[in-house]
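Each of the next two complexes has chain A plus one other chain: chain B in the first, chain C in the second.
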Partner chain A sequence: MSKPVIATTSLAGCFGCHMSILDIDERILQLIELVEFNKSPVDDIKTFTKPVDIGIIEGGCCNSENVEVLKSFRKNCKILISLGECAIMGGLPALRNGIPIEECLHEAYIGGPTVGLNKMGIMPNDDELPMLLDKVYPCHEIVKIDYFLPGCPPRADLIWDALVALITGDPMKLPYEVVKFD
Partner chain B sequence: MSNLIKFKIDGVECMTERGKFIVEAALENGIFIPTLCNMPGVKPKGSCRICTVKINGRLMTSCTTPVADGMEVESNSTEINELRKSIVELLFVSGNHFCPACEKSGNCELQALGYLYQMMVPRYPYEFPLREVDADSPYIIKDQNRCILCKRCIKTIKDEQGRSLFAFRDRGHRLEVVLDKELAAEMTPELAELAMKNCPVGSILVKEKGFVEPIGKRKFDKTAIGSDVKL
Partner chain C sequence: MKDTVKQIVEKYSKDKTRLMDILIETQEAFGFISSEAIEVMSVMLNMSKVDVEQTISFYHFFSTKPRGEYAIYLNDSAVAHMFGRQAVKEAFEKETGIRFGEVTPDGKIGLFNTACIGMNDQEPAAIINNKVFTRLTPYRVGEIIRCIRSGCKVDELINESYGDGKNQLPSLRAMVSSNIRRKGMILSDDYVYGTVTSEVLPKMSPEAVIAEIKHSHIRGRGGAGFPTGLKWEFCRRSKGEKHYVICNADEGEPGTFKDRVILTEKPELVFEGMAIAGYAIGGDEGILYLRYEYRYMKEYLEQVLDEMRNKNLLGKNIAGIEGFDFDIRIQFGAGAYVCGEESALLESLEGKRGEPRDKPPFPVEKGYLNQPTIINNVETFATAVRIVQNGGEWFTQFGTEDSTGTKILSISGDCMFPGVYEVNWGFNVNDMLNMVGAYDVQAVQVGGPSGTLIGPDEFNRTLGYSDLSTGGSMIVFGKQRNLLSDVVLNFMEFFIEESCGSCSTCRNMTQVMANKLKKILKGKGVVKDLEDLRSWSKVLQASRCGLGQTAGNPIISSLKNFRHLYEEFIQKEKDFDEGFDLVAAVQDSCKYVGRVPNFHHH
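Moving on, here comes the complex of A and B:
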């Protein structure tokens, strides 16, 4: 039997969840025995080259590119996991939810106390740039997500247990200390 | 007539004095029933419903229902725990709970209930309501994003003349618990500490007092809420 294939991505996240994947330490050697990585920042494969078994999503959707990537993950992966608070509920980027987008951009590029270098008061507005969404969306409000692993970042043990359980078909252990929201 | 009465929780024989509410009587018998709005020694109001149990096929709040002789209470069952979990989920989606950036994280009773019921994601859509943070008073920050309207502050934080420092404002969907500006200006640092302690969530914060305990040492990092309840 060929190895299960994994893909990962970071949408509106900080890469902390990916750091936590690496935080499984020496078990990473076991992991590469168990699975094969496809599209992922871990191996720098940029596009899907084959059907994927498990897609791991870090970060919620704050712009049109996030939505497109998330949809391509749904299309190419049998199972999708929301990894971390941002994927699950928008996380810190979603602090802007409820504030009109115009006001956010103004604060970031014109009115805020740290925008000194932007003397001409330019707001990024190029066709090449992804469009910001009206708010940051949890991934499961855009596509169907199969599993959720909370944490900021999720504990390495939680990620490891979840992957092993999915690959072997054994039930997840979920000890108290590993399911945390921070 | 003896003042002691017998009753059962999930089939376990219990005994208590007549007149006690079920949550208290359960604790005396080493059984934990989750609560949020209830506080020992304060008249219960039954507003959060997290303490719901089933008696004679009916759902009742155990913080407001006195034990009766021979009563049979269903508490730790799949049905009741699912119901409690959905209350926790509703509280999470109806406010703005960014636990990673919250000063109360690790010591928060709402979060601890999320852990107890293994809430991986709320099953309801997030509301992301627009709420204010009031940092005007000298000692306290009142963060409306995290308030669960439990009234514990209203009932317990009072000045020397017995006036509540916190009060309800508005109604329905816009209902808020706000801090009285004038009374808050006179508040002692001790009362501010007590207010923060009595709030089950991170809606009342003492200024310059966040993130005191490191992750791993906080109340609910390693032990579940209610796990200290024993006979």
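Moving on, here comes the complex of A and C:
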């Protein structure tokens, strides 16, 4: 049997969850034995080149590009995992959800204390830029998500165990210390 | 302004545990609580400004911005909507030229929504400067606003159209109706108040009082149903400098109004019950914690207390019993459903945010000001009087084996005779519906939003702790009602609004569930959504207090008993639908930055 293929991406996240993937330490060598990486910041492959078995998503969706990437993951991956608080619930970026988008943009580009250089009060509105969504959405409100791994970031051991369980088909061990909600 | 605030703080002896009273009087004096006022309080009470502010921000009736010379609070309960709230709301907006949540530019009138004000049998109702206006119509709204504009006082707005019973007394003069439709041992007029205190108590020891209460098997009438005798006994045994008796008159569960009626028609019975409890547990101080929505009763209830003091039914050596001292004061909430939860109520009584405490310790050990305290519902105290009068054995002949005595129900919704009914426990729902003149009934909400929604195939169930347990709220929904969008969603929004926010389960899962319900109602739901609702709701069990633990019930019980209503909206052919609309989601941001949405280029 060929090796299972994995893809990962970071949407509206801080890359902390990816750091946690790397945190499996020397087991990364074992992982490379077990799986093959496709589109992912880990190997810097930018586009899907073949069907993928497991897609791992860090971060929720704050703009139209996130939505597009997430949908392409859904299309190309058999299984999708929401990794971390941001993907599962929106996380820190979702703190803006209670504030009207106009106020957020004004604070970021015009009113905020650190925007001194933007003297002309320019709003980024180039057609090439992703469009901001009205709020930050958790991934499962955009596409179907199969599994959720909680934490900010989830412990490396949790990620490792989950991947091994998915690949081997064995039931997952969930010792108390491994599951964290923040 | 500063001087007035100083006087208020001094009136309460600069006691920070009386912050609620101080804030209420300040809010009433100025229509809001200014930063100047907060400054004065924080200096005089020796607390930080944020400590004052955090209490202010917790309660709906406090505001740091002016609420208008006439602050109008229109009830937002499901039943108000059923009886024409929308038209009344629009009339208010049309007549004043402002929207709800705003104050007119001249500062004269403010319009606000508020959760159930305990008038479900006379909706739509509103509170204007502490006076209740019932059965509003768009025509009446026009009259009221014109009258306000021409300078009428609130009392003049009522037009002398007072309600029934004691609502007509000069000290009450309320438009509210008591609507008592069936009397039992509590509402009956054959008891002369004071009889037990002056004739029975002198012959009984405190222990004997507790023994009778225990023997009666009465359980608390506030909803949770804890055995009252045990509670009093635990409290009597707890050591402390002082023991307190607290009457829970927060009555915040939408659809309940029987405590209002008991306090209007039989306040003496409640106060006498509190005094008896004081005698039993060895406490000399009682507090009636009354919801702010019932502020219109303040003067009346204080007169009743005075009268009872004059008759030596309160005060020192009551009824000639040496050392039996007991007095009662009234303290108000300021709009927060969770303050009906007994430990949140204690926090509120101590002048703080009404956030429930961790338990144990229970209030009987460490309650008000950390002293042993019993907290009971209005009806529980009233019932205790009749138990001590006639004995616990007598009491057990009413009701059923596990639910003794009578229960006062607040019945509202689609029926001919909404109002208050005192029935023996063991009554079944069909009998109840016949009694209130309800036909073509689609569903009954038993026990308010935190209770259960049942359909006709369960109308043969009986009211009692072992079957349909209820604090007394019964709302009837006719066939014409849209249960999911008009009732279930309204209840969920109520819990979202009223969660104190301490537990992430209660703060978040209510939102998540309501959002899913909205998605289903938009026709975007799939079967999996129903499964999710059911299984996700379980995390609410981990919440600290009953509010969170029951906050999923509107959805859970309607999903269980009215699954077909959900299924009508469900897309059968899909196993997933995100319900997400990209075009709508980017609209506002694109408009603000000045660009045309473009979905085709990435």
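The rule is simple: the second predicted complex is superposed on the first by the 182 of 182 C-alpha atoms of A that agree within 3 Å, B and C clash if a C-alpha of one lies under 4 Å from a C-alpha of the other, contacts with A are read in each partner's own complex, and residues count from 1 in each chain.
Keep in mind that, in the parts below, a contact is a pair of C-beta atoms (placed from the backbone, for glycine too) under 8 Å apart; a residue touches a chain by one contact, two chains touch by 3 or more.
Nothing here was measured: the structure is a model prediction, and the numbers come from that model.
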Which of chain B and chain C A:P130 touches, first, second, both or neither: second
First, second, both or neither for A:K144, with chain B first and chain C second: second
Which superposed partner A:G98 touches (first chain B, second chain C, both, neither): first
First, second, both or neither for A:E33, with chain B first and chain C second: neither
Contact residues common to both interfaces of chain A (with chain B and with chain C): 89, 135, 141
Chain A contact footprint on chain B (complex, rising order): 96, 98-102, 105-106, 111, 114-115, 118-122, 125-126, 128-131, 215, 221-224
Footprint of chain A on chain C - complex, ascending: 508, 575-576, 578-580, 582, 584-590, 592-599, 601-602
Of chain A, residues touching chain C in the complex: 64-65, 67-68, 89, 100-102, 105, 123-128, 130-135, 137, 141-144
In the complex, chain A residues that touch chain B: 82, 85, 88-92, 94-95, 97-99, 135, 138, 140-141, 147-150, 152, 174, 176-177, 179-182
